[in-house]
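There's a structure below that I have some questions on.
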Amino acid sequence: MGDLGQILVGGITTGSLYALFLLGVLIVFQVSKSINFAYGQVGMIAAFSAWFLYSEQGLPVPLALGVGVLLAVIVNSAIDYAAIRRIPEGRPGLDLVVTLGIFLLITAVMQQLIDANAHTFVSLGADSRAELGGVVVSLNDGIVVGLTVTIIVGAYLLLNRTSLGTSLRASAEDAGIAQAAGVNVRALRTATWAAAGVIAAIVAVLVASRLSVDAFYMTPFLIKAFIAGMIGGLDRFWLPLSVAVALGVYESLTVFILGASAGTPAVFLLIIVVLALVPKRFVNERNEVRA
Amino acid sequence: GCGGSSSGGGSSSAANGCDVKEVGPGVTDSEIKVGTTMPLSGSGAAGGLGTKEGQEAYYAKLNAEGGIQGRKIKPIILDDAYDPSTAQKQMRQLVEKEEILVVSGGEGTPNFLGAVPYLDRKKVPAIAPYAPSDELGGDKNPYVFMATVDYIQEFEILTNYVLKQETPKKMALVGVAGNVGENAKLGMEKALKDKGVELLYVPETPGTTDFTPIATQLKQFNAEHVFLILTNADTGGLLQAMSRIGYTPKTGAWAGMSDDSYIKEFGALSQNMLVALETASLKSENAQVKQFVADFTKQTGKAPSKFNQLGWVQAQLTAEALKRAKGLNRGCVIEALESFSNFETGIVPPVTWGKDDRAGVDAVGIGQIKGTELVVLEETQSLQK
Amino acid sequence: MTGATITRPRRSAQPPATGRGAGARRILTRVAVFAVIAAVPPLLFDDYWVFMSAQVLAFAVATLGLDILYGRTGQMSLAHASFMGVGAYTTYIVSSYGHGPAIQLGAVVVVALLAALVVAVPTLRLSGLRLALVTLAFGELLAWVIRETTDLTGGTQGASVDPIVIGTWDSSEPLHAYLIALVPAAIATLLAAHLGRTQLGRRMLAVRDTELAAESVGVAVARTKITAFLISAVYAGIAGWLYAAIVGFIAPPDFDLFASVYLFVAVVIGGAGTVLGAWLGAAYIVLVPELFTLAGQPNLYPIVGGALLAVVALLVPDGIVGLGRGLWRRVRGARGGQEGSR
Amino acid sequence: MLTLDSVKGWYGRTQALFGVDLHVAPGKTVALVGTNGAGKTTTLRAILGAVRTEGSVRVDGEEISAKPTHRRVNDHRIAIVHEGRGLLSQLTVLENLVVGANRAERARIGEVLELFPVLRDRTHQKVSLLSGGQQQMVALGRALLRDPKYLLLDEPGLGLAPVVIDEIYTYIAELCSRGMGVLLVEQSVTRAASVADELVLLRVGAVDRVVDTRDRERVDQLVADAFGVHHS
Amino acid sequence: MSRTATHNTVAPAVRTEGLTVRYGAFQALSDVTVSLPAGQISGLIGPNGAGKTTLLNAISGFTSIAEGSVHVGHADLTALDARRRALAGVVRGFQTVRLLDRESVLTNVLIGTERLPQPSALAQFFGLPSQWRAGRRDTAAAAEVLDLLGLTGQAHRRVDELPFASRRLVEVARVLVSSPSVILLDEPAAGLDQEGRQELAAVLTRVHHNHPSTMVVVEHDVDLVKSLCSYVIALDSGAFLRDGTPAEVFGDRQVQLAYFGRAAGADA
């Protein structure tokens, strides 16, 4: 029983990280209808440069983290400004190609600037732990789940209790119409991409504190978050985020029960089964128009 | 060594023959081109970059000392991004465009294996690549001369070492899913045969985002020893997860963990971890090791790492073969390689190649991580002994 | 008859006004151009570049297939390289039993079709990113299967594949490999170009652009998607077969997610929906890294390759073919006088 | 006064407007007429800054051609009903109505719903599920919610039943009489002539002539010249 | 699968019986029983939201029917999906133009030939002779329709570059190219100028003359309905209101109230 509890704690924490990361993907998708393949690397920049700054350059850790977050914001906004915005309409797939290029660029540059090794990160509470009924819970787990819940709920309120959400979705669907209705689409986009940069940085720092940091470590998170997003639908809110948490738990359980090499096939079989069996209205992207 | 007419050879050996007068590709009056591919970018780059640096340092030193027969050695090291087909393409580039004489070392198993069929076809000898695989070192690929053991042997020796000290009831292995992990498991099974020790093998896929399940599984099994053959990052991640749930068995790991880049970062998590040593400890009192450290530091201005050491010894063995070759062509280099018998580099265990023997070494040392140091427990452990 | 409509396959039908003679002439011109270009590598290049050209042929077959699926039918697949892998590993297994190219090819086609059915049938209702996701899942599963069946497939370390031997030709010789690959590549091109002139090809376009309108005239949307998927998988399988024969060594990274993404890149960069674009894209992904080698900076590509990709994609959003069309129009516009005023 | 001074407009490299001059005074309705493709829609887009333009667009004397679209709309209280509705199909009726509106404008939502009672029960339905005519009401509602000073209408009667068209035109006339300037694009010249003070005939992206609607003869002449048919 | 060409056969009558369509709790059509006379052009009118488009959707299979049935000639089509109804000869246009935006006018029209017997996918893919015969037949049909609609000159232009009016015509051409026996058009004249409307009406009349079909046109333009249709059905709030000749229907008090918001007497 203790083991199962332990797995659940691990699964929920990892799932929360997927969810938080996915939140960043969602808001960007909603405002610019594009997928940023380099999003994980934006977070990586934050964590990896923070590591470099405090460990190699001797900056105080909080300052290093702050600089890292700032870098992520700058880079993410730059991706939008220099690339995504310049993609003409009606070119499906081009966003993937462009951001793939950026993904490769960021990876190579960071590897050149710092190095290609894996490094331990500040533990952020991973070493203060308590045992509850046979389950060991660390402060780090608490921080992860707490931050995730706070940020997601905050984002929900911001998007649904203010006119921001409407403007956001309006801009996403048709920037021209939104502008003609008086929405400052540019400012909205910039703000969203910047906010997504902050979220990426937070997730990347948390992940680094649980695993380690190098130029590649965020890619598995990116893939898992995308998976959750696509199962749940990138144009929804709670469903994909819940799927993200559930994915973390499911993954941990299959690895524990069926063995580690079953993790990958189990996750992907799940995708196929879910997408093949769930009712049609959950499967369709919500842009169906009547005949 | 054999005479110039050694063209007969067994079915397994590379039968070019050594024509003393022939001048091989890449050889001019002033220069001998050698080359290889390594991962210089992507997730495998750490090892490749270190090895490259080691080779370049050695050749720089050698060239400063006058080279070989008055010729400078020019190493060309291309990036294969740890990808087999890229490696093969780059190897073609080296052989067909750059016209290298021999392949000098290499780093990474699947990528190097990608180039091997091509090298076999082109009959280009490859000297001491670091690509531990049971595919290599035998008669299947006669042009590849190994100077490190494969993972089967490595883990057999490592397990034997533990069995010599104590008699555990349970041991576990977490390995990268696929050939690497399977081989390590095979080695452990060989050592544990008829010893009554229970073995749990947990394959792991790189890119695991949560190590709690694996750690919990290990804890549940409750092995006294957990052996690991994972990337640096995943080794660190797993040990962290194990400590997060309060499970701290004795650990052992493959030779990659004896590198500074690992110990510096994850040493604190890995106290008392046994590691296989493919190369001599840099702290060793051995005169050749001391000489190496001094030479490397002189060339580069910094202390060497394990991968630097590997690169260095790859270059050293290549140079030695070129020195011994009766003519500067591939056939003669192969003949020279086959004459190596317990050749001491001071870095890897003594190297022996023969007509039908491409394995080079069958031993690893055993070390242990203590503090931020790697303490050598045994210089070399051979399977023969 | 069928023509290598490689320059303007969008013109999916004979203009009613144009006589048949003009069409035939255009087709002949294109075949001639294709033949001339195809003759360049064996006549002018050294072994290494012939080898690279042979790889372009193999990848072109793959991108032509992906273009049918993505460029024309609008279905995004991130498993195209996996289907190449299916072809390559089938080749490996079949050839390890000593079977020759004909049986290999037959097996590749059958296995690719079966694999495609397995992916396509449960995913009929999906499109867009979600389809991409399921195909991605297929790719991961394939990687897992390869990893778990080391004895059969060589596992993570890969496997070396026996060359195709036809008479005195041996695909481990670059020149022979090139000539062997040229035939399937040419046929694949002809068929892909011809597809644009058929109702089948138009069904695909309709499914891509407006499923409702397609249905309203009687197009079987699901069946069209499956057909496209099957065709593209067979193309990919054959590409894998050629790839295995040309390169002689296959390993999981050759067919992983990134490989699939790169095929996708090829289609987009070349110009989605066009046969010429698929060729240009294949050439891009195979040859651009070589340009750095030519420039004496072989290790620079990983660093600037990504930036180059992003820049190229932004500069030519309609692909290289789109760029060419734009230039052509401009040239013609300059000749034909003022454009746009009605 | 909304003034266009030799405005040229382009789609990419294709020129669609070749110099349009236009004046819309507050309290006046100006109707833009012309055949399909004459540039009527493009003229409205030029006022909003949604196509690349040259020339001057002034509102109440202030030059606005350098401003981004949302500033023109918000600062100068211009609202538009797009051709083909221009609704956001992913959004609900309510969201479509309030998008881009500020707090004060939102407060007027009740007024708008009163005007189109059919929409009241459907405020939380997606607009894409409404009938064509209902969608047109949403589009109009969105513009009216902003209480615009200048209202641009691109074929507001498109796809509407006569009864609704009549209501809409009645309402427009009322707004106009309250001081709003209306620039109306209308396919039917008869209809345009009955609500507008002035007809502006566009031909190939330029103003062909401006006709006062009280001058019946010239209106008839315009119809004959522009469309080659005599309307009934 | 049988792909018998239904063109060239005599146009069938279209009948709906007790048709009810629900969207959640909302009833978009309630118990609608109408019959469209064979071989005639009928008009379908009614205020916005009356259910005209929904009725077309129900007949063409684009919405699911809660109750009732759809008959074409003697066949009950209720169980068939949209595609099979199209193959059976029921082809519709959309109120919002739906085209293959990046393709040429010709391609857009040719897609409509799907209804004609097409060779198997394999025969098409490998370019067997049957494919070439079908191709020639389709091209000829497309050329004829384009000519009829005055689009021949635009055949190779991308449709997204065309003015709206031409796009509308392309949508109509796609419907007409296969000479279906039942043609459903949803506001085909919306957005066309006066001249365009008159031309469209003339074209439709001519098409109908050449290939007699049962045609239904949803329109708000009363003049157009009057000049084009020999029969008119009026809907209101999802229910059948009235049918008959244009004069009868437009003369009906209830229709006038629903549609014009005033009775005829008030507006002389």
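So that you can tell them apart, the chains are marked A, B, C, D and E in the order they are listed, and the count of residues begins at 1 in each.
Just so we're on the same page, contacts are C-beta pairs under 8 Å (C-beta built on N, C-alpha and C of every residue); 3 or more make two chains touch, one makes a residue touch a chain.
Model, not experiment: these values are computed from the prediction.
A.B. asks: By the touch criterion stated at the start, how many steps lie between chain A and chain C on the shortest route?
C.D. replies: Minimum number of steps from chain A to chain C: 1.
A.B. asks: Touching chain A and chain B alike: which chains?
C.D. replies: Shared contacts of chain A and chain B: C.
A.B. asks: Could you tell me the distance, in whole angstrom, between the mean C-alpha positions of chain A and chain E?
C.D. replies: Once rounded, the distance between the two centres reads 48 Å.
A.B. asks: Cα centroid separation between chain A and chain D, in whole Å?
C.D. replies: Their C-alpha centroids are separated by 43 Å.
A.B. asks: Using mean CA coordinates as chain centres, what's the gap between chain B and chain D in Å?
C.D. replies: 76
A.B. asks: Distance-wise, how many Å sit between the C-alpha centres of chain B and chain C, to the nearest whole number?
C.D. replies: 38
A.B. asks: In chain D, which residues are in touch with two or more of the other chains?
C.D. replies: 37, 129
A.B. asks: Would you mind listing the residues of chain E that make contact with two or more other chains?
C.D. replies: 53, 60, 62, 94, 96, 101-102
A.B. asks: Can you list the residues of chain B that touch 2 or more other chains?
C.D. replies: Within chain B, residues 41-42, 177 contact more than one other chain.
A.B. asks: For chain E, which residues are in contact with chain C within the complex?
C.D. replies: 60, 62, 81-84, 86-87, 91-94, 98-104, 106-107, 110-115, 118, 121, 124-127, 131-132, 134-135, 138-140, 142-143, 146, 152, 155-156, 174-175, 178
A.B. asks: Name, in rising order, each residue of chain D that touches chain E in their complex.
C.D. replies: Those residues of chain D that touch chain E are 34-37, 83-84, 118, 129-134, 136-137, 155, 158-164, 166-167, 187-189, 227-229, 231-232.
A.B. asks: Touching chain D in the complex: which residues of chain A?
C.D. replies: Checking each residue of chain A against chain D gives 163, 166-167, 169-170, 172-174, 176-186, 235, 286-290.
A.B. asks: In the complex, go through chain C and note every residue touching chain B.
C.D. replies: 46-48, 51-52, 55, 147-148, 150, 155-158, 160, 172, 247-251, 253-254, 293, 298-299, 301-303
A.B. asks: Show me the residue ranges of chain B that touch chain A in the complex, using the header's touch definition.
C.D. replies: Of all residues in chain B, those touching chain A are 41-43, 45-46, 49, 174, 177, 202-205, 207-214, 216-217, 219-220, 231-233, 236-237, 240-241, 243-246, 261, 265-266, 268-269.
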